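Structure incoming, see below.
A, B, C, D and E are the chain letters, set down in written order, and residue numbers restart from 1 in every chain.
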């Protein structure tokens, strides 16, 4: 590195101990001493917590008193504190982009145990940063304006709560729901634990509020099909599927259903999970919002064959809401931020044939039993088996599709409490002996342990053991005609066979089957389990790595209703804050073409996914629109004559880093 | 001797084309010859090494050396001429970036000697005799220059002031260079005396290159009927133009052959081959590894194609051998 | 009365730690004590301690308690538990490992025929390359409980009359190659 | 070395003794299917579960010798009809692949014994070959006679479908059912398809072993099966040999033929009763006679 | 720059340790490496990570430059296909990687010395596994250390220069 290339460079190097986090593994003193010997370094210090106020002041003071004009901070990941140290530099009057961070915590002290090797690595990385920062240039952050509108995707309790919160702050909200009604899974539940208040009673007022809110545009039976742009201005296209009923004309009188040529309901009712039937023209459930009928094109004779007498239309002749010619339409909107609340699906217990779901009619999943115990459900709240008997013994099997390497590794969090609730309700409805087969009872939450105590005292049997199989073969006369759960009761140490009339599988919660497509469309990430990934597991559990996109509810991972509502409110607050700020600062890491160097070979033009690179026919040169450029640097790497550069990631800067880490190789 | 500026020419490992190119100045050579004294030009005039050695250091205004450096003798001459010249110019691709001879850096010295003296089909050498650097015979010792394990560009051996790129450089560039030197208005040391944009800048077919090039197949020039109007890359023929410095007046392209890269990279580029590789690969129209591989199969000799003139000056300089 | 309490000095934690290093035993520490193994095992109904308890005991270093249990010898190596285990613990291999340690340490239940059969079997195979069912069962019975031979007579007769009982001592040709296999009982660790 | 057959056959000890009918029916079936098959020369015992109980290393070496011998022949597919042999050979391959220490010992042993190093020999099970290589459709086409109205339960035993194999789904295996249906057998629902028969337990802890087999037989009867079809010599033996004892102990009228899959397939393909070893059954002899010899009218020629 | 202190493990010739330069994209692999750190998933200390916004920024020149400066291996980490934060930068990386691998092969650099791995932000474990695996493989290959080779070549010249000068002195006399 030649001194004369930049004679005025005065570098300050700061090595952070991070308490013991770094200092225990990396010899910070040795690193600081070493850094002092590097060309251009004027000051080299180590300090307990660089991110603390005194730590930052140290840098500021050096800038002011020692005319430091480049800063290297070796501490934690730049994703955590880069802005902190840039801010410190800025406060002292130095352009913030003269700061370079070195990650000696996440990438060094936390992953290595050999102190000597970790120290060598820290020196290498510090040297690379020192060599790199040499070439840094003063840059300005770019500001983009924020559209105040917010899109909420998914109309379950998370989406409903987020939409209402944002709308109440005076912003326009688009709420898009795939199903014909909002309400999501919560609408299917009977009671909610641990207070046992009725789910519908607390949910439906919020559903109506959404419908009535002047700031909310509600699009049900609709799906987001494309997302372009970035924070502040996302261009979103929403497909509105035809329900063959004009939403604005239908008043929800349901006369059409009455007069449908199908006299009997014979199609599986989705809302009741097939436990009851509906007609081709139907309303999902009584409190559906909007209260508008919908026609199932796979069941309707008119839509399938065109040969129906269309009695539904006759019933609606006055309002003329029914329209078989309805086509799907597309809406294009511009929003500043997006809240994704697309929910979950339940585990399909057919994947565990040992539990006989789908084979033995009296094996149910928890969602089905929610409908069974519900007064407005398919049995009007009677808990009866498929052959119409009131069960005398019911077993609830926990961790079906949870905590299992063969299916899903995670704990689904809500099944313990759901099972306690159902045990209580089943016992209340039938007086049956109820057995809960559990591995660990997880009842952490306000009032949850107390509810567990209540159910214990109600005489429910708690068998600690994971059921090995549900079978219908009897080894003992007492088992004849029953299902039998074979399980080790780990509390007593006996392997037991327990005859049951009804088995309830407490199925785990999984990402939606199309979570991966949704993730790609919105440009966010998934965790290993397939749920959407938050920006930080502790401190940013609703933002994502993509600015302006937030997640809420179970699309982020299993959680119960209170946690869902909290996260939805948090996501809404973030969206509101963003809109109220009015602008968003972007990293200045854009690419630019040096016009006199460009040969106009056009290699770069088709490589940009954002159409930021265009070819100027008049000048016969490439041109990069800085506003559109997101700063990936792909065109820079491809430019065969080296005529495209990237701020913050100049060739020289990266070469210096390479040379720096390898100086001793 | 007159007090006209003294000029020298020398050739190292090269084909002689560069010497030809000087003669290609045609009548302009007279102009040059009038302005300067040529004090050393082994290929055309009868001067000896000792004549040069006898000159005081810096006596020559400028020496134009062509050819890459392979032998100890070439190294000695490079050092000698460096000392005697105020300005040393690497003339032509070989001196500039190693040139075609540096493709030999894909082989070890042993491999080369074995092939040339033992295995080449035209060789009859039953005793497997190889030239020795020193050979005693009847009491007299005969020496040959040492054959180095590596071909080098001129600037990898001695400091070079300017470069004239090309295989060979065009008469126009040579003339310009000489006039610049004589004018005394010298560009910064290390300058390549040719434009610093890529070939496409001056390519007659520039307009025919689409803005959304997607390469689905690589064809070799002799496999296909070449459209004489259309951009080579648009025809699937590898053209080094985008990664090659301009200034050659697009002679190959006018002859309906793609650019092979003799002018070397632009100043901003450290490795010409890697850069064209990056540009070409980025434009390949495939996403699945198998499909990509299939398309890449069309590039039969990546090293020979991308580094035809620049292996010595590439980042890796030579094939790694053990 | 037998003392049931366990003092911590009786727990061989080093053994427990080493145990998890052996092939097939690596995931032992993942056990969540759910009992699926016991529930699945067709033989757990006869076991003195359940497979789940075996794992718990191994993890806590109660070596002697595990090695002297009948459970490890009742395991028929059907691998049902390994397939069902939600933590993918290869319980069958754990059982094998325990059987081997029991034999080496000579702590298996005396007159309990399975270890005897196993040793007989290995000896015969190592010497002859093949196992002759008749002779093996015969010798095992002699060593463990000769009375059992009587009860086997009927089965023997059934097999003999259907041509399924071979009294030949089978032997491979290149039996010398087997000398390089270490004697089975020599295995340490 | 003579030209290699497509399938190398590794009998294991049982198929030379109690399971001889398995060998007979297997070879007959393969002959009828025109699949070339040849016995692995000088094979040794696989080690079975017993060896693993005594020494993991020795057990692996024992299995490795067979794999090395197989490699010498040049055939790639080593057919192990016995579930225990199949699992043991597969398992030793896994151990060698995943544990360098074991791989090293195997290498050392093979070198000392003058055997070639292990290569990609594929250990195959009969069921897998019939299902994958021949195919259900082909078996249906080749069927020349059908057992009309005979109800059977298919029983896999344990080791073939457990962690190391690709024979069938470990929870809900269906391939044997598909094959049996294709060759004209009525297959009953049977939940205990992969429940263990106790293996060697009938010989060691006799009462426990017999009880397991009682459960298997009784459940098959409850489902209406007249016979059980197996793919393992030990399962066949356990289910076949102790029925008289079970009758005596429980008073239940159990007398059920226990077949090998290859006996049923071989017969459907036109094999002869004796060359399929059908005469070697201990239990259910009456039914066997009725189905395969006396009542010729039960057969329909296709 | 001065030579590495003797106590530093990586340079002592007695115990050669491979050095791998890694280019990690900011959104997936760099984040995953952060996650590996947070979760203390240890790995071999032989890797030096250089952060780029997208694996698409990785110019093949950087890879060659890393080798030329002494890296024994180069690892490129990007988002999984389809998951690129910049839509499809990783596809360009993939194409370049395929061609670059061919070039390196022809230039005598073993395939295992350049590795492209898709590592999502959540795959901290994969970071540690990939690094350990690669270090192991490169260690088995032995040192590449082109920087030292280049130094030898330069030394060859230096000795000649000295020789040439001395000969000339003789000639002058």
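By our rule, a residue touches a chain if its C-beta (ideal position, glycine included) is under 8 Å from a C-beta of that chain, and two chains touch if they have at least 3 such contacts.
Note that the structure is predicted; figures quoted are calculated from it, not measured.
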Shared interface partners, meaning chains that touch subunit D and subunit E: A
Given subunit B and subunit D, the chains that contact each of them: A
Pair sharing more residue contacts (C-beta pairs) when A-E is set against A-D: A-E
Furthest chain, CA centroid comparison against subunit C: B
Cα-centroid distance, subunit A relative to subunit C, in whole angstrom: 49
Rounded Å distance between subunit C and subunit E, as computed from the means of their C-alpha atoms: 51
Cα-centroid distance, subunit B relative to subunit C, in whole angstrom: 76
Centroid distance [mean C-alpha coordinates] between subunit B and subunit A, Å: 57
Multi-partner residues of subunit E (each touching 2 or more other chains): 59-61, 65, 92, 96
For subunit A, residues contacting two or more additional chains: 354, 607, 634, 637-638, 651, 655
Interface hub residues of subunit B, defined as touching at least two other chains: 269-270, 275, 278, 282
Every chain pair meeting the contact rule: A-B, A-C, A-D, A-E, B-E, C-D
Residues of subunit C defined as touching subunit D within the complex: 23, 42-43, 46, 74, 76-80, 82-83, 90, 96-97, 99-100, 103, 113-115, 117-119, 121-122, 125-126, 129-134, 137, 140, 148, 151, 154-155, 158-159, 162-166, 170, 172-174, 177-178, 180-187
In the complex with subunit C, residue positions of subunit D that touch it: 13-14, 16-21, 42-45, 47-59, 61-62, 65, 87, 95, 98-99, 102, 109, 112-115, 158-159, 162-163, 170-171, 194-196, 198-201, 203-206, 208, 212, 241-242, 244-245, 279-282
Subunit A partner contacts - residues on subunit C that touch it in the complex: 32-41, 44-45, 49-50, 52-53, 84-88
Subunit A contact footprint on subunit E (complex, rising order): 1-4, 7-11, 19, 21, 27-28, 30-31, 33-34, 36-38, 40-43, 45, 48-54, 56-62, 65-66, 69-72, 79, 82-83, 85-89, 92, 96, 120-123, 128, 145, 147-148
Partner subunit A, residues of subunit D touching it in the complex: 171-172, 191-192, 215, 219, 222
